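Here subunit A shows up in two complexes: once beside subunit B, once beside subunit C.
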Partner chain A sequence: MLLRHTTTEIKERKALTVNPAKTCQPVGAMYAALGVHGCLPHSHGSQGCCSYHRSALTRHYKEPVMAATSSFTEGSSVFGGQANLLQAIDNIFTIYEPEIIAVHSTCLSETIGDDLGQIVAKAKDDGKVPEGKHVVQAATPSYVGSHVTGYANMLEAFVKYFSFNTNEKIRQVNMLSGWVEPSDMRELKRMAGLMDLKTVLLPDTSDVLDTPMTGKYTMYPKGGTTVEEITSMGNSMATVAMGDFATRKAAIMLDNKCKVPFKMVDIPIGLKATDRFVQAMALAGKVSVPDVLTEERGRLVDVITDMHQYFYGKRVALYGDPDNLLPLIEFLVDIDMKPVYVVSGTPGKAFSKKALEILAEKVPEAKVQNGASADMYLLHQWIKQEGVDLIMGNTYGKYISRDEGIPFVRTGFPIVDRIGHSYFPTVGYTGGIRILERILGALMDKIDATAPEESFELVM
Partner chain B sequence: MTQFLKERENQILTKGADSAEIACGKKSLAGSVSQRACVFCGSRVVLYPIADALHVIHGPVGCASYTWDIRGSLSSGPQLHRLSFTTDLKERDVVFGGEKKLYHSLIELIDKYQPKAAFVFSTCIIGVIGDDVEAVCRQVTREKGIDVIPVMSEGFNGTKKDGYKIANEALARLVGTNNDFKPAKYSINILGDFNLAGELWILAEYYKKLGVEIIACMTGDGRVDEIRRAHHASLNVVQCSGSIMHLAKDMKEKYKIPFMKVSYFGIEDMSEALYEVAKFFDDEEMMTKARELVTNEISKLLPALQPYRQKLEGKKAAIYVGGAFKAISLVKALRLLGMKTVVVGSQTGNAEDYKLLKELCDEGTIIVDDSNPNELSEFVKLTGANLFIGGVKERPIAHKLGLGFCDHNHERKEALAGYVGMMNFAKEVFASVTSPVWKFVREPQQFNMGAVPPDSSESQSS
Partner chain C sequence: MPKRDYTNGLPDPAELKEELLKKYPRKVAKKRAKSMVTNNPAESKEILANVRTVPGIITQRGCTYAGCKGVVLGPTRDIINLVHGPIGCSFYAWLTRRNQTRAMEGDPNFITYAFSTDMQDENIVFGGEKKLKEAIREAFENFHPTSIGIFSTCPVGLIGDDVHSVARDMKAELGINIFGFSCEGYRGVSQSAGHHIANNGIFKHVVGNEDRERTGKYQVNLLGEYNIGGDAFEIEALFEEIGVTLISTYSGNSTVESFAYSHTADLNMVMCHRSINYIAEMMEEKYGIPWFKVNFIGAESTAKSLRKMAEYFGDSEMIAKVEEVIAREMLKVKAVAEAVKPKVEGKLAMMFVGGSRAHHYQDLFRELGVKTVSAGYEFAHRDDYEGREVIPSIKIDADTRNIEDLVVTKDDTRYREDLAEKKAKLEESGYEFKDYKGMMPDMQKNALVIDDVNHWETEKLIEFYKPDIFCAGIKEKYVVQKYGVPLKQLHSYDYGGPYAAFGGAINFYKEMERMLATDVWKLVDAPWKHEPEIVGCVTVDA
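Right, the complex of A and B next:
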């Protein structure tokens, strides 16, 4: 009982987070930057930040994750980190030769008041940025928001820097993706391809964080949205932005700067969110939905029909990132499960409001909390008060799952104890089937393991 | 090696080709993709294994998230150290200060978990926003009657090594606070073993057989009360000297406890550790027991290693680990398996360590301080290594290069210390180096050319 100290009684906590359901901005900025081709993320702060983020991403993706750091010293914390960043930019372009350096700040550099924009401008003035190379910067203070906020800020920085409207309209739709897996990015492109749409997906970590084994190590793998593609986003017909928390900023930036209108949709997780995504894409690209997608949809609905009895009324506890949770709880409601507890460490009132709207009719008893003191400790307390049949979330749910004997489906970030997330998408209709398969697997494994002999079933 | 940062030249040397000493203990260059971490990381890892203490991380959420239960330092009892507690500072706190939040957090946590002591880690911005962490700790100590110890580990304030030192100072505040303890005739403290995969428990068995009592293990399966009485020991036995030497020296000065540096990896170093301890106590019976133990273990181990050695003979290894002292043992352990070390480096080695390494290694071995992925992958290519020994960030790079890998860091899954550890090490290295997967590595065009039938490509294990 690793969590033996968790009490059933919930006392209001004045100031404390126990087992957080989020992490800090810079790691999100780093992940987003990895989805741009030839880009080296750069952490402007102490060395540890960069090392922790790289380790965190490596544990999740089992892939090399490259990023540089300003390696702050005591001196930098007093006199500012300008000298470090200038030297870093110089060194990086000399040695690691990226196309782009994507600088993000940290709590330290923000607190001492480093102005990234000014420093980067100085680097350009000083000739430290070679011709044709780029330095993009985003402010990502760790004490604001969460890793999702950092992701959003970095995305915004990319389109702000690169995208231009040159008045040549191209038949192209922008897809701004929330924080999903390389497999999901690949699936989004596949679906767009089925619709015969030319698209730009930003960011795109497929072929970056799921690279094949070739016996060679490549610092900049072949994947990632290219500079040309991001630039061309300013000429696209429209933007479909998936996930409010992660992509709205970038979508607005594209609209303001390049007059590319946008449609906000959820990340296409589950049936209805995928419907809305497909519809938004069809509208944006002025195409019709091909039969093959409708058939995929039909297969998902078929699975729901066949297995409905196992979903019906099952109580689920979920935690994770807002953009991923909202469509997921909607999907669970649609398959007749009961998402009774929902926790996200990422602050933002819109989340709880939307989540409660989704749950209002079918699961009025649901408890939703995000932001302050919305952590795994609270989730566990809720579960202790009244149990659930299933837990869904990142690896950190395994403690609760084990202590309480509750089936557990891993989803979100980070997943450091199982594989699959990099390879099998959970977005789209097919991804929906995978979610169902995994939910059923977890529930049925428990039924099989605990059913009395006489009711142990062969056919389920 | 022209593609490397020029400023790093003197942190890399090739035995035989370069006569100069390696430069080390330097700050990493800004802009390098260093594998190093920060001061906080150093402090956190040293104190982490104290399982019945509360570890509160004062700062924004990240530092707590990233260090939540990621080290395989096992505890035989309490598991409090594996939870993650943070004051999760917000913008408001950065402006108005986080002292109140810290105070309330500590009070709530101490009431709830009743820990034996508490450590409060300061992260980067704490010094900058001017929180008086020491004062809060003093206040809570007064109110709650347990030691609440500030660990001023702001990330930028030096290197990971400085973080070790700060943690050592925190430990030193506990050492010597319990005088009601009668040690056995022969007693030691173990310093710098992190009980990864239960390694300490293996060592404890050996010492028990020698008739030596372990009073405290500071950094593995640690307990506050044991550390309090650690000054009653006659000897400090230090492994992973980089992380804990400061405390050993401090205890020598304050309590006149001598220390010795040992390593538990590989047959030679493990045996020497036991002999040295027996020699220290100058007890013939203990020495006899040590000899018996060593003879007994080795006579079982050597024949068991033989089949592995046969398969591994002549293979080449690259080592990149945290501390250089460990690297030294690894070079020897690999030699026992018939393997040659062609690249060896560390994040935090000191001049003495590197000197030893240089003496120990064969001609042509590349020795490097504070390396980065580009360099490492270049070295591996240059030397044709078959195995890489490193930590979490190096594993996928090694795999991408088609190399076997052994985690000799905190994510190891098998105990690698002691005689049984040597056996595990051999098995792990063997399994990884001779894995059938290396036969399947193809570049995309090889399929198209049709030149390489699926099973006949070069195997790294052949």
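Right, the complex of A and C next:
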């Protein structure tokens, strides 16, 4: 047994987290910053954090992930990291020549009390920021929130720094994306294109973390939201923000600073969340929904209705991030699956409340927990108490899956043992079909592997 | 740019060095210049190593915590490694180092778990000791371990949490072995500081706790072998066949239980000198156990190491057995080498990794006729480059002083006078102990040796040398491959291996055949790239 010490009996824990269902803020800030063109993320702290975050993202994307670090010493930990950051900014612009440095803090610099804003201002005063270049900063202490919070903080920092309302309204809709894959970002843009909408997507990691093999390495790939685009977001007609945890802050910032009204929707995962996204986009951009999208929707519904017998009543355990889990469990409920266990390490009461609302009618027995001690150990214990037919979550679920013999569909972050997430979207109607295809694949593979010979089926 | 001609030796990299340094601000250039050495095996040259990475530089290095928890204690399965800090540090070190372990059914194995105190705002403000204590209690109630290690991450030292006193209190309360490590990420310049801190902690709190009866005629410890990809399994099998009892490995496929009686060994063999020489030294001082350097990466090195071990014990039966095993295995090894060599000979390799592998793997490449044009370590010290004789002349800086140097004294009752005598006698006949000569004497003239290579330098090195293979870690992997150069990860082995000992050498040769003799890299250009006649046209029939 891989997780041989996990017991069925649950003892209350107040202090110990075992097998977390979240990670820390800076990795989210780093990911968000990679979705801005010409931007080098910078980790203000000791070099270990930066190394870990780059490794985590690299293992997930199988792509170069560049970021610099302030490489704190014992001295900087005592006297503050100002000197380190000033030197870092100077070195980065000299050696790596980015357009933007996106600085995020770490537990260490936050505990010390470094004031990023003040240090960056000093760097500018000292002439360490070349003309036309930018340093954006976000506070991302990991003892608050989770990686999703870091992502949200970095997004907010970008619009706060760059977006301006210059009183020239443009026929453009802002899309603030929650934490999804490059493939998903590409899909969001495609869908907006089908609606004939001019949009700016922030962040946009397509063509950054899914770059083609050309025999040449470019440190700043062609993708990513450009400075001009982020600036122009202040003049857009409206913002559609996907995912409360990851994008609300930036949406509010755009509203407050540039008077661009926003509509919060879920990340368009599954049928209804995509419906709401499409409607929100149509309303925001004052366009009607094109037939091609209605047809895509129809194809998804077709798969749902045709395959219903395989989904019906199947118990599912899920873990991951709030913005991704909420529409996903809604989707599962819509197809008559039963998301019986849901955990997320990301704190915030709104999550459990919303999840329970979604589940109240059709899966009243569901258990939902998030925040402290809502970890994969707890989830596994629940599974041991009463089993499930499917597990959905990041790569770490494979240990539970193998020990318990439960089919497993990878989703979320990180996925380090399979590819595909960078290339095939799970958002939108087409993405919905991909989710169903993978669920069916996992369920049917188990049936094919374990069915008695006499009832082994050829056709589904 | 065409490839350089290496038939008459390596080119002088002076021009490359100049180009690398030109880009840096003056002070940075001055510092980096000292960490780049044009090798000459005939003369000793000083390299600047184990110093701080300049802020803003995109380095390969990680932190002290990573060296302590991730590298040294991570592979040990019967201990709960509780990370005291915010969640991230624990999350990233969760199963990402690929240490294989073989726990019998019913035996404890916590490697698949991540334990954290997940510090929150209020713990940072009001202190985290209470939460840490509670977490230890909960770990004990849930998992019933026999030992718990506490690892401090960056904020812990700053807010004044005393993990050592918490450990003492909880040890008394729960009656199991509990000990803490002050391995905050900023403590040292790299993972290296963490290795030292881990060595100290294990030595202080575990080694010597159990005086187990002897279980074999010849008892050894293997130090600095972390069982990536099953390397340790290969070596274990060899020892078993030869009739040597492996007491403990630090720390691949290991248990704290075995560390506790590892002082009952007759010999310590050191693989990764950088990460573990401290324990070897301390065990010798306290218990009189001699140590020497071995290397099981590369078939020739494996044979040499086995012979040295047999000579140490001086048992003619063992010596014969070793020769028999070498003869048998070498036959298999040679067969594969001969098949692979013609396809890869003369190719160029570079390796920038770790604290010993950049050296060890050159042996394997040499066996295939692949030239190492440039190499360096991520977190080594001068002695790993230049040899242990430079240790007395290494400058002790503030970072080094930061780490406790344990004062170890002779254990009068358990000190092995017999081994000390044996060592003295062997030394008279020219047999060497504590004998690490470092990487540089083994490298070719004009090879460029670079410590703590960074992203900018990596790019330029690739452009200059146009290597056929680059060895480094996960952060470098896809950068280098975008250039069309295959990268072999020498931390994780790209989920391959084992590469140690004879069986491992065969695996590695085959892996090099796969990587160096494939045509997949030639698929990069689309066929129309060189066919300008394919042009767009607006009319249908033109």
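Throughout what follows, the second predicted complex is superposed on the first by the 460 of 460 C-alpha atoms of A that agree within 3 Å, B and C clash if a C-alpha of one lies under 4 Å from a C-alpha of the other, contacts with A are read in each partner's own complex, and residues count from 1 in each chain.
Definition applied: a residue touches a chain if its C-beta (ideal position, glycine included) is under 8 Å from a C-beta of that chain, and two chains touch if they have at least 3 such contacts.
Given the structure is predicted, the values throughout are model-derived calculations rather than measurements.
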| item | value |
| --- | --- |
| First, second, both or neither for A:111, with subunit B first and subunit C second | both |
| Which superposed partner A:23 touches (first subunit B, second subunit C, both, neither) | both |
| Touched partner set for A:459, first subunit B, second subunit C, both or neither | neither |
| First (subunit B), second (subunit C), both or neither touched by A:217 | both |
| Common interface positions of subunit A, toward subunit B and toward subunit C | 2-3, 5, 7, 13-20, 22-27, 42, 45-49, 51-56, 58-59, 62-74, 76-77, 84-85, 87-92, 94-96, 106-108, 111-112, 141-144, 146, 211, 213-218, 345, 372, 396 |
| Sites on subunit A touched by subunit B in the complex | 2-3, 5, 7, 13-20, 22-27, 40, 42, 45-56, 58-59, 62-74, 76-77, 83-85, 87-92, 94-96, 106-108, 111-112, 141-144, 146, 211-219, 345, 372, 396 |
| Contacting residues of subunit A [partner subunit C, same complex] | 2-5, 7, 11, 13-20, 22-27, 42, 45-49, 51-56, 58-59, 62-77, 84-85, 87-92, 94-96, 106-108, 110-112, 141-144, 146, 211, 213-218, 345, 372, 377, 396, 399 |
| Touch list for subunit B against partner subunit A, complex | 3-5, 27-41, 59-68, 70, 79-80, 82-91, 93-94, 100-102, 104-105, 108-109, 112-113, 123-125, 127-129, 154-160, 373-374, 377, 392-393, 395-397, 399-402, 441-444 |
| Subunit C to subunit A touching residues, read off their complex | 23-25, 28, 52-66, 82, 85-96, 103, 108-110, 112-121, 123-124, 131-135, 137-139, 141-143, 153-155, 157-159, 184-187, 190, 398-399, 402, 455-456, 459, 473-475, 477-484, 524-525 |
